[in-house]
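Structures are listed in the sections that come next.
Shared chain: subunit A. Partners: subunit B in the first complex, subunit C in the second.
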Partner chain A sequence: MPTVYVNDKPVEIGTAKLNCVQAAELAGAFLPHYCWHEALSVVASCRMCLVEMGDLKDGKVTMQPKVLPGCQTPVKDGTVIVTGDYDKRDRALPVLPYDPAYTKTAPLGARAKKAQADTLEGLLINHPLDCPVCDKAGECKLQDFSYKYGRSESRMVDLKNTPANKPGLSSKITLFTDRCIMCTRCVRFTREISGTAELQVVGRGHHEEIDTFPGRPLENKLAGNVVDLCPVGALGSKDFLYKQRVWYLKTTDGVCNGCSTGCSTYVDTNKDIVYRLRARYNPKAQGHFMCDDGRYGYHHANSGERFVRPVVKTEGRFKPVPWSVLLPQLKLDFQTAANQNAMSTVAVLSPFLTVEEAFLLGSYFKSLSPHIRLVLGPVPVIGADDKYPKNVKGESIEPVKFTIRAEKAPNRVGVEEVLKALQGEVIPFAKVTGEALAALWFAGGYPNPAHLDALVPPAWKTPALLVAQDLLPTVVTASAKYILPATTGFEKDGTFVNHAGYAQTFGRSARPPVEVRSELQLAYDLLDRKGLAQAANVRKELAAKVAYFS
Partner chain B sequence: MPIAETDVAWVEETKLGLWEQLYIPALIDGLKTTIGHMFGRKVTEQYPEQEPKLPANYRGVHRLNRDEAGRVRCVACYMCATACPAHCIDIVAAPAPLDWQKDGREKYPETFVIDELRCIYCGMCEEACPVDAIELTTLYDLTGLSREQMVFDKEKLLSVFDTTTKAGTDPVRTSGGRLGPASEAPK
Partner chain C sequence: MPYEPVLLARINKPNSGKLEGYRADGGYEAFARALKDKKPLDVVTQVKDSGLRGRGGAGFPCGLKWTFLPKDHPGPIYLCVNADESEPCTYNNRILMEKDPHQVLEGIMLACYAIRSQKAFFYVRYEYGDSFRSLEAAVAELYAAKLLGTNILGSGFDLDIVLHRGAGAYICGEETGLIESLEGKRAWPRIKPPFPAIEGAFRKPTIVNNVETLACVTQIMKNGNDWFKSIGVPPNPANPRDAGGYGPKLYTLAGHVEKPVCVEVPMGITIRDLVEKHGGGVWKGRKAKAVNPGGLSMGFVDVNAPLRGADGKTEYDIPLDFNGPGSVGCLGLGTAAVTVIDDQTSMIDVLHNVCQFFSHESCGQCTPCREGTGWMLKITDRLRRGLGRREDLDILIDVGDRIGIMPGTTICGLSDGAGWPVKTAIRKFRAEFEAAIKSGAKSKYAKALAMAGAH
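Take a look at the complex of A and B:
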């Protein structure tokens, strides 16, 4: 088995093709880097990952005379890596037989350490050090590495370069040119992942700048990723600019509900307000990145138009009603409807519900009468799948690295599986719109009401008893008797199943408005279950009952 | 961590003798101090007729300093709000107006509110500020008729700056750089 030694620690790499940064990570040692990114090509321009390297052959380690960039140097059997943190190594391990001529001139790790400190000094030469007003402060790699590997003082005596900011770089992204350290991650992203190649490096030497071609701003559906990729505060999201300092934010793992790709996300919240979404690396879902539709698609959660309490239509007007009055009324109404006319009583479960919610709500209606039909809510499909990278004509080229799905719902597959388990078939919403129904429960949760409005036919006959649960006003809520507030994908925990059948469980990142009951809690209350809804318990129940989820 | 047994010294109360039990010597001792003060230097301050002279580092009401152009010096970095142990500072940041951006001002506080009732006057905000924008003045007699009056907004805090500098009670003590010494050009 090929073995690599990182700070004397042997680590087996198997058949994987790794560079020093990855090999060091396997060995539990961190090699600082700016320009290297797993998904992008290697340029070795930042020089932050400089290491001392050697070869273990015939019981002797021959070291390279110079430090080498770890990201650009592949490892093989017998490669010896000495990082700047060599003095923090595990001293219980036996020391390799290093060449005494090498260790005589400088102790092991000292060369790499000095190289890293010098690199940082070079990167900071023109950096404005405006951390107090920089949005990246607190999660900035330049701050972190300067603190850990750099010097505390600058020896720079000349005036710094102060290139002008470029707020016109993109409608959603601004460039603080002076903060840039020229790692070119953003340039490589637009060339290799989005393929749109808007960004480029102009100028030479210390006057290099990131820029766009005049009249060709950075506008593509993946552009927001360059802000995540930027290791410093040079590229800033206009959506998040100066909204919060990052140390106030609480980060939770979430799943994007924008389309059926189901990108893994980090949801950054403060005091139950969502401020930012970032992509979370998940090779099973989407990889490293996420699209701008999802990234900036959290605003519905903070919308002022959201339903925040249940209302009932009396004398043509909606009036607030407390849950304590509403719940017995709802139960009575649906019990009566089920007893009188179960065949024309329908419950719509939207593809924005989690599988737990769909299962529990579905179980409630099936418990009233097995003849009540469960219907899959309208599934918005907008255009065709949008595949990246694209070529200059805007056509997608192989190999596809990122897909924005046309199906703008996160959990169609999951809800369909629940429906199949509960009633053996999936009835699409379009099938019941033509019927004159006695009672309809519409569990919605559509973040974009326009998507739903487009799918409800204008000639839709409003049932006598219509309970609509949704986030924002739609054509369905307009004709409802009861409107129940829904929770957003950030305000509940549960499971979404993406287009490929990959189930992702996520946690709640923000609390819903005070008078909002989550769909799962509502299902608990309708089923007369005691206590607070626990998604994990429902998940166990679901796994036991439905083979697909076991 | 519990205190180690070896670090504990037990002290017994001293037994009083007959002389001490009379309490007369202690009484005389006390009266000596009282009578001594009658003839000594007068230390009573005639407040409110006479205003006290306070040292410059007295921690009274906050002010927001102005820069040379009369604009609020604050860059809305939230350092004071982060350092504040009482959570009494609330800032809403925004991109600076365009003509400010010519001078390199990128961010400014759209609103800056200090709840003077919640504040514990510890001075951590002043300590944390990288641009010396927030300072505690020697104004100590802070009164208000309602809680709302004691919540100071940006205009009020700037007016404290105007009054205290005009009155000369609190001259501008510090003159930090645009974003602290590290961001300044070498002299």
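Take a look at the complex of A and C:
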């Protein structure tokens, strides 16, 4: 088995092709780096991951006389890596037989440590050190590494370069040019992942800057990722700029509900307000990145238009009604409808519901009468799948590295599987729009009401009893008798199944507005279930009952 | 007996740049002979055995480089000719290209035949308009005479030479920077390995050779190895890794000399001989203070510093071969462009000028070089404005020491070259720097007290 030694610690790498950064990670050692990113090409230019390297052969370690960039140097059997943290190694491990001539001139790790400190001194030479007003402060790699690997004082007494900021870089992104450390991750991203190549390096030496070509701003649907990629505070998202200090934010693992790709995300909230979404690395879902539609697609959660309490239509006007009054009324209404005309009673489960919610709500209606039909809510499909990278003409090129799907719903597959399990078939919404229904329960949750409005035919006959549960006003809620507030994808936990059948569970990152009951809680109430409405319990139940989810 | 120039033999002869004139002097006979009688491998072996070391700066054995190409490579192999002669005070390639382009072109043809390349890219720096035009005319003559193109001289050997004009950056002379620039990209040197011989221009095996090296190839194939080895410096028998320095060498003289000139002499002439005999001595009857032995990036020689173990001799007497400058703390022979600095010139001004050059030319890819060259410029700028501090000298040496491919902190050697003049100047002329800092004297060349950030 090929073995690599990191600070004397042997680690087996198997058949994997690794560089020193990855090998060190396997051994539990962290190599700081800026320019290297797993998804991008290697440029080895930031010089932060410098290590000392050698070869263990015939019981002797031959060290190379100079430091090497770990990101660019592949490891093989017998490779010896000595990082700048060698003095923090596990001293219980036996020391490798290093060449005494090498250790005589400087202790092991000292060369790498000095080189890293030198690099940081260099990076800070023209850095404005304006952390107090920088959005990145608190999650900035330049701060973190300077603290951990740098020197406490600068020897630079001259004036710093002060290139002008570039707020016009993009409609959504601004560039604080002076904070840039020229790792070129953003440039490589636009060339290798989005393929749109808006960003470039202009100038030379210490007057280098990231810039766009005049008249061609950074506008592509993946552009927001450059903000995530930027290890310092140079690229800022205008959407998030100056909204929050990052240490106030609470981060929860989420799943984007923008399309059927189902990107894994980090949801950053403070006091139940969502401030920012970031991509969470998940090779099974989308990889490292996410699209701007998803990234900036959280504003519906903070919208002032949202339904925040249940209302009932009386005398042509919607009036608030307390849940304690509403729930028995709803139960009675639907029980009556099921008894009188079950064939004409329909429950619509939208592809924005989690599988747990769909399962419990579906179970409730099927418990009223097996003849009540469960219908898959309208699935918005906008255009065609948008694949990246693109070439100069805007055509997508192989190999595809990121896809924004046309199906703008996160959980069609999951809801369909629930429907198949509960009634054996999936009935599309379009099939029931022509019927004059006695009662309809519409569990929506559409973040973009326009998507739903487009899918409801104008000739749609309003059912006699219409209960619409949604986030924002739509044509369905307009004609409803009862409007129930829905919860956003951030205000509940549960499971979405993406286009490829990959199920992802996510957590609740914010509490819904006070008078909003989550769909799952509502289902509990309707079913007269006792105890807390917990998605995890429902999930277990679902797994036991439905083979697809076991 | 005075040395008879070979590489420069035809300079200033009538018709020296014309095919007709070159052929009258026996031009392209070596090439024709090689095509007819020699296998490509024979040419490689002969160049390798001649001991020819690259004239571009690093002094890598030329024939050895050629053998690094993959054997029996099915696809194309390219030759890139590095004529991006941007090292300050260097102009030997320019003279060859302007006045005797066919000698270089024959070298290219021989090299291409040897490495089985059917395409050579001649990368001429933008500033060399005359060279470009002279080469353009010469290449046109060769196509007209069917010495380039397909089936040259009925041998079945095809070769095209593409002239490419650079866009004006020092870094384009770094071999992988040149390749990137040739491919139409920003001239950011590539990470090695893979070396160009394995994966170079357009991701194909590529050899990058200097103009003067290729002119030497012509002469080696014309006059033989015995002739070549009869000139220059044999390897030091005490050092098995020393490849010696055979052959003629073009030295360019610049700076404070009476007669700035490009001369061809056997490798290994001393600086003193070069300046006194060929350059007419230091100008205006002054004395030399420092000499730059081979392009700015090689560092400085202190003319008055005695050589250890050689009585009466000073660093002025070091031989200009591949080992001489290194023995007194310089980086190497470099491009053999000797720049003389007279005793009335302030080393601070010299150093500021050097730092300005390298900070302007750093490509900006690697942090240590990008920020280090800029920082050194700001410090030297402050020094010459009389605002220096004693600790600045130590910072300069520290920065000079830590940037470069030798400590391992950068991708290419530009910053070795940026650090070397700084640290040699301060180590060798520290007293002068300290005196200037102490007196707070402003340089007479310092312009208005514009702050360094304005550069």
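Observations, loosely collected:
The criterion applied here is as follows: the second predicted complex is superposed on the first by the 550 of 550 C-alpha atoms of A that agree within 3 Å, B and C clash if a C-alpha of one lies under 4 Å from a C-alpha of the other, contacts with A are read in each partner's own complex, and residues count from 1 in each chain.
Everything below uses one rule, namely that contacts are C-beta pairs under 8 Å (C-beta built on N, C-alpha and C of every residue); 3 or more make two chains touch, one makes a residue touch a chain.
What you are looking at is a predicted structure, and each value in this text was computed from that prediction instead of being measured.
Of the two partner chains, subunit B is the only one touched by A:L129; subunit C is not.
When the two complexes are overlaid, the chain among subunit B and subunit C that reaches more residues of subunit A is C. Look at A:L159: by the touch rule set out above, it reaches both subunit B and subunit C.
In the superposition on chain A, A:W247 contacts subunit B only, with no contact to subunit C. Comparing the two complexes, residues 156-157, 159-160, 162 of subunit A contact subunit B in one case and subunit C in the other. Across the interface of their complex, subunit C is touched by residues 42-48, 50, 64, 66-68, 72, 114-115, 118-119, 122-123, 125-126, 155-162, 181-182, 201, 203-208 of subunit A. Residues of subunit B that touch subunit A in their complex: 75-79, 82, 93-95, 101, 104, 106-107, 130-131, 179-180, 182-183, 185-186.
On the subunit A side of its complex with subunit B, the touching residues are 128-133, 154, 156-157, 159-160, 162, 165, 176, 241-243, 245, 247-248.
Across the interface of their complex, subunit A is touched by residues 169, 186, 191, 359-368, 370-375, 378-379, 381-382, 389, 391, 395, 402, 406-411, 451-453 of subunit C.
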